[in-house]
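Okay, got some structures for you below.
Each of the next two complexes has chain A plus one more chain, namely chain B in the first and chain C in the second.
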Partner chain A sequence: MTEKILEIKELKTNFYTYEGVVKALDGIQLEVNQGETVGLVGETGCGKSVTSLSILRLILPPGRIEKGKIIFKLKQQSRFKDNYVDLLSQSEKFMRTIRGNEISMIFQEASSALNPVYTVDEQISESFLLHQKSQLYQEAIREIDQEINQARISWKKRTLGLEKTIFQALLNNQTSLPAKILGFLPGGWKYRGRIKRQARKKSIEILAQLGIANPENIVDRYPHELSGGMQQRVVIAMALACNPNLLIADEPTSNLDVTIQAQILDLIRDLKRKFKSSVLFITHDLGVVAEMCDRVAVMYAGNICEIAEVKELFRNPLHPYTKALLNAVPRGGKTKLESIEGNVPNLINPPSGCRFHPRCALALSVCSQVNPPLLERAKEHFLACHYYGEKNK
Partner chain B sequence: MEVRAYIIRRVLLIIPVLVGVSLIVFAILALFSPEQRAAAFITDIRQLRDIRGVIRSHGLDAPVYVQYFNWLKEVFHGNLGWSKTAQRPVLTAFFYFLPNTVELALFSAPLVILVGIWLGTISAVHQGKLIDHLTRTGAIVGWSLPTFWFGLLLLMIFYGYFRGLLPPEALGTQAGLLVRSEAFTRYTHINTLDALLNGNFFIFFDALRHLILPVITLTVVQCAMVMRIMRSSMLEALAKGYIATARAKGADEKTVVRKHARRNAMIPVITVSGYLFALLIQGVVITETIFNRKGLGWWWARAAVNLDVPAVLGSVIFSALIFVITNLIVDLLYAYVDPRVRLG
Partner chain C sequence: MNFFSLSSKGKWEDLKKATRPRLKELKFSFNRIRKSPLSLVGFSLIILFALIALMAPYLAPPKYPHNPYQIPRYGYSATPKPPSQTNFFGTTEGQYDIYYGVVWGTRTAFRIGFMVVGTILLIGIILGSISGYYGGVVDEIIMRVVDTFMSLPTLILAMALVTALGHSLDNVMKALIIVGWPAYARLIRGDILSVREEQYVEAARAVGCSDFFIITKHVLPNAIYPLLIMASLDIGAMVLTAAALSFLGLGAPVGYADWGQMISFARNWIVGPPGNPLAYWYTVAIPGLFILLFVLGWNLLGDAFRDILDPKLRRR
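Right after this comes the complex of A and B.
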């Protein structure tokens, strides 16, 4: 019954810096099912953000995705078999139709995620203008039809009729000649204006769906006129604008104060239900994971070391690193990952074999030679550790 | 409404600025002895015998503040004095020399802004690539060249080795005669513009040919400066979170650079454009003198050398006025581009 919408296989991403090659992701395995929230946790620098950027193929030079597969299920009918597509084998142009449309991302810091020189409307509308042109054209045509019905003067009817034919031409072929001419013709503003009004309506709509009071007012503000919590809501509205299949939230509540944090988390949970999208939720706050996620993947130094359902993971952690993480959490109070013995490894010369072995109390001799594969050790419980296999021989 | 009140306030502020500027000029004049200043009025060697008379007739022995109030009185009657270097009243001379300078500025300013911003953007987008190294080296060289030195270099090359290709002054002999003829209507006194309005392409291209070297001399330093500021602010903008957001939205690279990064990166360029304008005035004096182009800068340079007091006073006040107005425009533009800035 559960349908995979994202399957990452053997994903490797490197950064070619002056100091050397940073092996940021070393064969990531991860799946996200339809309608599910998967948490991705790990210490700072373990590669959570790089994973999310790799999914969207937004790794910029000096970084490069070396190998792997990112199989994603499209929401719309397409030429691909069962709508499954390997994002890594697609063109950059194709990826642009995915970003913000099929997969959206909320970045770590809300305050810098919004462009200071554009209004909220301009920024949310951009998503509609990028991905839902034809819907906007259809709505524009519908609006023109209404105006034609109301128009009394015949020349007005005629100009509206002309406008309608232009939009119909645009609807049929978005790269048609009229579209190109309207793009830079000074008179084109009239038609662009109508489209922008349609997009604005949708922006107000989405803000209203997020439960924001008087969205008509918020929509004309600039980011600096909004509070941190409101900025983050706008960022979320922007991400959900085109109703994506997958939402990647990269620490969406860092830098917000605690009450606002709780509100934003509630919002994401509600929206997930309302929009029926799946969420990849990145955090280093285990408390948030327990609250938000169905399943959790634990990451260490560019590897996934354990994946399990939330309850299972908290009740029965198998990986030494996960255990250490859970022990490091003072129950009830502050729930941040911190103070595990040893240093976070440097990813230019990572430890051989299991990258955790220098810090692992249970390390075997094989650990420093062979990288443990991620295997299903209990039902729906995946683990990458030699010790477990040895113990249960 | 708020904007209009702001503009009115700023325009009213011009008056104290002008008073201040004129006071400074008079204070400098007070450093000279009456005899030294009288020398400025002597056109004939025989007048030397009666230097006292010259001093008295021009009121040069009165205390400075009296001279200042005399001068103010004249100004209120619309009389800025007689410029002996221009052989015209100062106000008339100003409007006589203005068009040539406006023409120079009209060609230079857009060039500075467009080329500077364009090169800065390219070099930031291709950071570390060959084109970046080339434009940066070019900018360092351009920025370090003193304007007069660069102008003289061009002068040497084009007048010395390629005679007649890019000649000095504002127009050639033949075009100059044509311009002054009955058949040519002078709408604006700006040569290129008038030539186009008259449909005379010979004059147009001749004027253009005479513009090339001064424009290059004038723009090179400022282009380099705009380019360097643009490059660094563009790099800063491209590293911002909103750029990642734009990419994650599905915007293409062109939109990311032009719409999201550049608008933000322009803000520092606008803030320095007031300073750029000061550089422009300074450059105009040097450039027009080097290329013997009879505009305001040329006149001012000669007035200063010949102790043409009314002309110097007038020119300082004119440039202060222009400077204040440009700064007002810059501030308005700044507030328009950056919504975080509030006028007040």
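Right after this comes the complex of A and C.
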């Protein structure tokens, strides 16, 4: 029995620009099940990245999420019924506990997603320090216990004992004012140092899990000292640091060369299995989709036009856009590349009805008037197209 | 895997390992300074002035211990006296000792430079980051205030403010702060505008950082270097402006050790009697030389900072 981990219902996101309202997402419907990889495919500018940012509620002004529901299942016990929560109705503060902890994101360009002034260790530790304070405190207390056992001198034992009581107090009441002040005070250096050492240990662990040779060496490097593939791995490590329930990968391999690309894809697949998380894989590369995903959603101009299992989609594409997209993939033996006639529509004034109809060879008169709903046409195969419905009447 | 072994030796080794790259970079910075003679001159000048300021009680023992900044007088005659055994640099109008004035004036100069630029930096960084990071209405309001300040001539606004607040060194500093912060706020805002669009800022947001944390930890460290360079250049410039105000008689009370005032004493003695125009050169030249070298020192130091801090110039 697979349970839904993410369910997007009727999501609408608009951007209010000087030229007009850009209707970037027009009622997206998408589901992601536990342990599943869902691919999100489409041309540039069709709203893939906006979808991912909307899920994390990172849409900045002038953009705004107009309506819809994003129902997400939390991994930890919470006050919500069955741990299902509608992210769009929560406060910004609550969202901060979600980001990086429950849902995290792998960014497209690793080189610019890493802050140039911090070492790898400091960047990965950040998510531990933000979301896993209590575990860090516990480990710090454990470390102090060990040190107490080994300490020979009595005053050292006493200071360590004091430190332990401080950490226990912090563990019991993390948001208390003294705990916050301690982080800023000069005397708090020692306390922060210990916590940071714990976080560093964890960063090394996670880098080792990613199959990076010599992680103790890598953690002290700055991003510019690493190769592109290595940078992407560090970004993945940052995303996986807190073992998120859902991982959003926004074209994680588009800037890498093919051999590194294959390595990174293998890595994401392995890690998905190891960490038991689900992946929303955003890409425009159908080859990558075929390799990585369980199900695929095809997007066009802010709409989802087809969702199906990956084999089904490649064997039996139903939407004219999907067919054209598959036709446009370069393949051996093909002498001429097919392209889709026409241009991507301007989302300020999208075509009425089905947004694909001006470019569609099979367009009917109804297509220019009514936006087709997403219906289940075959088993587990959802489609938004009038033509298919007319044909099979 | 025992880089956090509990033995003291292990810790020492860790520390050495951790500090090695930093030491290397520090060495590189010093090498850069050593290789450029101008930065070397700048550093030497500032160190010299710092020594003078620190050693002031020994170089020129105060005559009035409760008020060491008061320049001692050697008589009440208006005509300056040339350098002699008792007054190394001579006396200026009203028989104020020039040597004592410039030595203790070094302290005043440092105080003006550091206090004014420090406060300006603080105000500029806070307002500039808020304005640049949040944008929108807040940005609009802060930037229009900045525009208003910047549309008035610096020196005239400072003069008006000092006149309104009352003549004293503290009020000169306040006036310089009020006049100086808008440029800083605008500069840091511009840098923050470009940094906040970087993907690592979005990545930090996606990890769950709060706005305060993003500004202080991710945005500012990447945007602050131009501001620091400007600040180091401005320490000299602020002293110059303060001297200008003092020269106009708006600064420190009469007899207070301050370079600007030393020059203002010399106002009537710039040109000597007919036939001997350089008779009273020491009244202008000595305090003037101190101001010149101080400002030059900070300017050269600012250039050196730029060479060190700017990653693009650093490795050239």
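Criterion: the second predicted complex is superposed on the first by the 385 of 393 C-alpha atoms of A that agree within 3 Å, B and C clash if a C-alpha of one lies under 4 Å from a C-alpha of the other, contacts with A are read in each partner's own complex, and residues count from 1 in each chain.
Convention: a residue touches a chain if its C-beta (ideal position, glycine included) is under 8 Å from a C-beta of that chain, and two chains touch if they have at least 3 such contacts.
Since this is a predicted model, take the numbers as computed values, not measurements.
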Q: Would you mind checking whether chain B and chain C clash or fit side by side on chain A after the superposition?
A: clash
Q: Could you tell me if A:His131 is touching chain B, chain C, both of them or neither one (first, second, both, neither)?
A: both
Q: With the two complexes superposed on chain A, say which partner A:Arg197 touches: chain B (first), chain C (second), both, or neither.
A: second
(Q) Looking at A:Asp220, would you say it contacts chain B, chain C, both, or neither? Reply first, second, both or neither. (A) second
(Q) Is A:Leu88 touching anything from chain B or chain C once the two structures are fitted on A? First, second, both or neither. (A) neither
Q: Please work out whether A:Ile55 is in contact with chain B alone, chain C alone, both, or neither, and reply first, second, both or neither.
A: neither
Q) With the two structures laid over each other on chain A, which partner does A:Glu147 touch: chain B (first), chain C (second), both, or neither? A) second
Q: Kindly classify A:Ile212 by the partners it touches after superposition: chain B alone (first), chain C alone (second), both, or neither?
A: neither
Q) What is the contact status of A:Thr97 with respect to chain B (first) and chain C (second): first, second, both, or neither? A) both
Q. Of the two partner chains, chain B (first) and chain C (second), which one does A:Glu109 touch, if any: first, second, both, or neither?
A. both
**Q.** Shared contact residues on chain A - chain B and chain C
**A.** 56, 58, 96-101, 104-105, 107-109, 112-117, 126-127, 130-131, 235, 238
Q | Interface residues, chain B side, partner chain A - complex | A | 240-242, 244-252, 260, 263-264, 337-340
Q. Can you name the residues of chain A that touch chain C in the complex?
A. 56, 58, 61, 95-101, 104-105, 107-109, 112-117, 126-127, 130-131, 146-147, 150, 197, 201, 216, 220, 235, 238
Q. In the complex of these two chains, what residues of chain C are touching chain A?
A. 1, 3-4, 6, 18, 21, 135-136, 198-200, 202-210, 218, 221-222
Q: Please give the residue numbers of chain A that touch chain B in the complex, ascending.
A: 56, 58, 96-101, 104-105, 107-109, 111-119, 126-127, 130-131, 222, 224, 235, 238
